[in-house]
């Protein structure tokens, strides 16, 4: 739609604008990532890295089920988190885009602020709220419930609550953008064709919002796979997820090759899951609803 | 119209990848002229204007303005000014800032800019209180005037207008067409006006340049284009017209169903260089009249009426000849209607103002 | 023959009411959900007693006073500010330039360029932190430096630049490129086109990106935790505090941390509304 301008890499205007980003992400994202791959083939001795090539780390990983149990748990939590986020975010995003004319801006500001506030602090806030002697139970007791009605702190439930809490905004914004982009006249055309509101939603709005839903799913899944704060602070570290395992490997066990390998396994599996879902999703689209 | 042309374009070519947007365009425009570039959407009108204004450089050819070669000269340094198809008013500047922007860039004293802006506002017949408004607070026609004012304030040698009226409703369009004509007369700047509406071009321009898929097909005065089109493409471009397939032999024409006491066509009604063989005979719908029995005309033809449209002032009849070719004719709306759908009718038209030319030249 | 009008499966009025309850209800519920921990923290910061428990022993500002006497907290505040300001400047500038390139220009390797520039967006922060920590450790051993303020800033810039890129890209996408042609036609040089047209029109996007960048950096935990060495920012200071046992000092810190966020988000909203 916009006039796109042909540029060559010799053009100084392109270089000035593109190179900083290229250098930044090459030097501090791509290169470290490649080095991480190289690290997995090294050995450690007495908590010191020795640059000797070996497959020890990988043999270790593929022979110990312990790592895979944790990975499985992580994937389960991440997928659950994605589903919960989508289910909660969709009506909110839909209301933001189609209702709430007057309050839309205010609601957006409120959500943005909550999103941008430091996750550590908010997670800590949940601890104070959910604690056996915390705010929630205190309030419930005031209205006549028995003490400690809510007792989920330091369980997977609290972890999940924290994950959904910290990632929900991504879903709301991404889905909101895709619903907002839908041409209103398409929806009017559906009403005009005799479709009820629900029918229109189901057959027009939802399919057209699919790119946003998909983008939100991928983003949240990739971020959820790497959470560490929630299982540690809200889950009490009782059922560790992969990120916590990786952190421990680096910090407590000082085993860099293993930590690097676990990082790669986590990222590879996560990307693989995304691709798998993408495949199922596009197949379904070609064959129509199953 | 003597002297140096203000704009001289020679054999300009422009490709976008494999697509040839301009296939060797040459055009020369005189000082003070109002020239219209006409052609269907996508034929390269905007592209040609962009080469003149300097937003793009042609792949080959030459271009000079007031005798100065312009290739390689950046847009900012060319004595041209463009009114964009979508106006391109700066949304973050007030009307006054928009109009004064070219002078601000030329480091003109702000007090002088303010005076010149007011003069432009007056010339454009805009209200003074608009000066502090933003473009989006103005109606389409007013925005149009602001865009014109911004383009003219720096006193360019060449004003390039890219379909400036295409987005307006018919009534406003007519008003602004008259306005453009008045501006052109009063300011004396050379106008290059792009439009896809040949009627607008005929109304406004001294000369019209018809384009098709990156080429110039015909350049001429409004009458040339209207009555002596270069081919069927140009002829078909202006409203409804009749193009009868005929065969030319010597100076005489023949076609199935067409009868004439003297089938020869005077040379002034024949396209230059048209030889014997198939040709098209153009006759404008308003020149055709139904014949009562006993009436005669230079050419006569029998038809069956297929459709009748009321066009306000006139009534348009669509019919088929015996050979199956469509024929349109128009009568004043107030007169008694001579026929109904399905009726057979004999039509006649004079030799005067018919035109014989080649079938459309393949692009 | 006329087809019958489709029969809705529910009375239209009931349907509308149900949809209304669901939609408005979900917005209200989510807003409450978002603000539960935030208000809990703010409430606890005003309580008098030594332990953050209910009911309050009294209401006071004493923990705010304690906060400003605590040198660790003061240092953390200072470090947070430095890191956020520097990271914001770099991330916004680099991200905005890259957004213009990615949306407006056509060139070889455009897709790899965009992919590389945006990739950290979908990379879990903790893992990004660890990967960078490894990198800096290896580099640090070779060139003899330790992780600290500078490495934390680099990490923040790597992570935040893609956010800035995406935000500015939306603005660039809606930007009408013919306005630049128009400016050039009015006689503007390349620099003047930027100064008078491109930048003012992209400004709302760049400004939002800047605010977003600042707050992402200001509240960042994961990257700072991995990359700042012994340097503490407010989030990592709070984290270490939670680990050693809760003290009412931390809700007070949290409330202090919220303040620039509230101010900046409100400011951004004002700016946007003025521009619209």
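So that you can tell them apart, the chains are marked A, B and C in the order they are listed, and the count of residues begins at 1 in each.
Definition applied: a contact is a pair of C-beta atoms (placed from the backbone, for glycine too) under 8 Å apart; a residue touches a chain by one contact, two chains touch by 3 or more.
Quick caveat: nothing in here was measured; it's all calculated off a predicted structure.
Asks: By C-alpha centroids, what is the most central chain here?
Replies: C
Asks: Measuring centre to centre, with centres taken as mean CA positions, what chain is farthest from subunit C?
Replies: B
Asks: How many angstrom lie between the CA centroids of subunit B and subunit C, rounded to a whole number?
Replies: Those two chain centres are 55 Å apart.
Asks: How many angstrom between the C-alpha centroids of subunit C and subunit A?
Replies: 15
Asks: Roughly how far is subunit A from subunit B, going centre to centre by Cα mean, in whole Å?
Replies: 58
Asks: Specify, in ascending order, the residues of subunit C that touch 2 or more different other chains.
Replies: Within subunit C, residues 176, 178 contact more than one other chain.
Asks: Across the complex, what residues on subunit B touch subunit C?
Replies: Residues in contact with subunit C: 50, 53-55, 74-77, 80-82, 84, 86, 88-92, 101-102, 105-106, 150-151, 154.
Asks: Please give the residue numbers of subunit C that touch subunit A in the complex, ascending.
Replies: 5-6, 8-10, 12, 15-16, 19-20, 22-24, 26-27, 30-31, 33-38, 40-41, 43-44, 52-55, 93-95, 97-98, 100-101, 103-109, 113, 116-117, 119-128, 130-135, 138, 154-155, 157-158, 161, 165, 173, 175-178, 190, 212, 215-216, 218-222, 234-236, 238-239, 242, 246, 250-251, 253-254, 257-258, 261-262, 265-266, 269, 273
Asks: Can you tell me which positions in subunit A touch subunit C when the two form their complex?
Replies: Subunit A reaches subunit C through residues 2-9, 13-14, 16-18, 20-22, 24-26, 28-33, 35-36, 39, 88, 91-92, 94-96, 98-100, 105, 107, 109-114, 116-129, 133-135, 138, 165, 168, 172, 194-199, 218-219, 222-223, 225-229, 233, 243, 246-247, 250, 256, 259-260, 263, 266-267.
Asks: So in the complex, which bits of subunit C are touching subunit B?
Replies: 176, 178-179, 181-189, 192, 196-197, 200-201, 275
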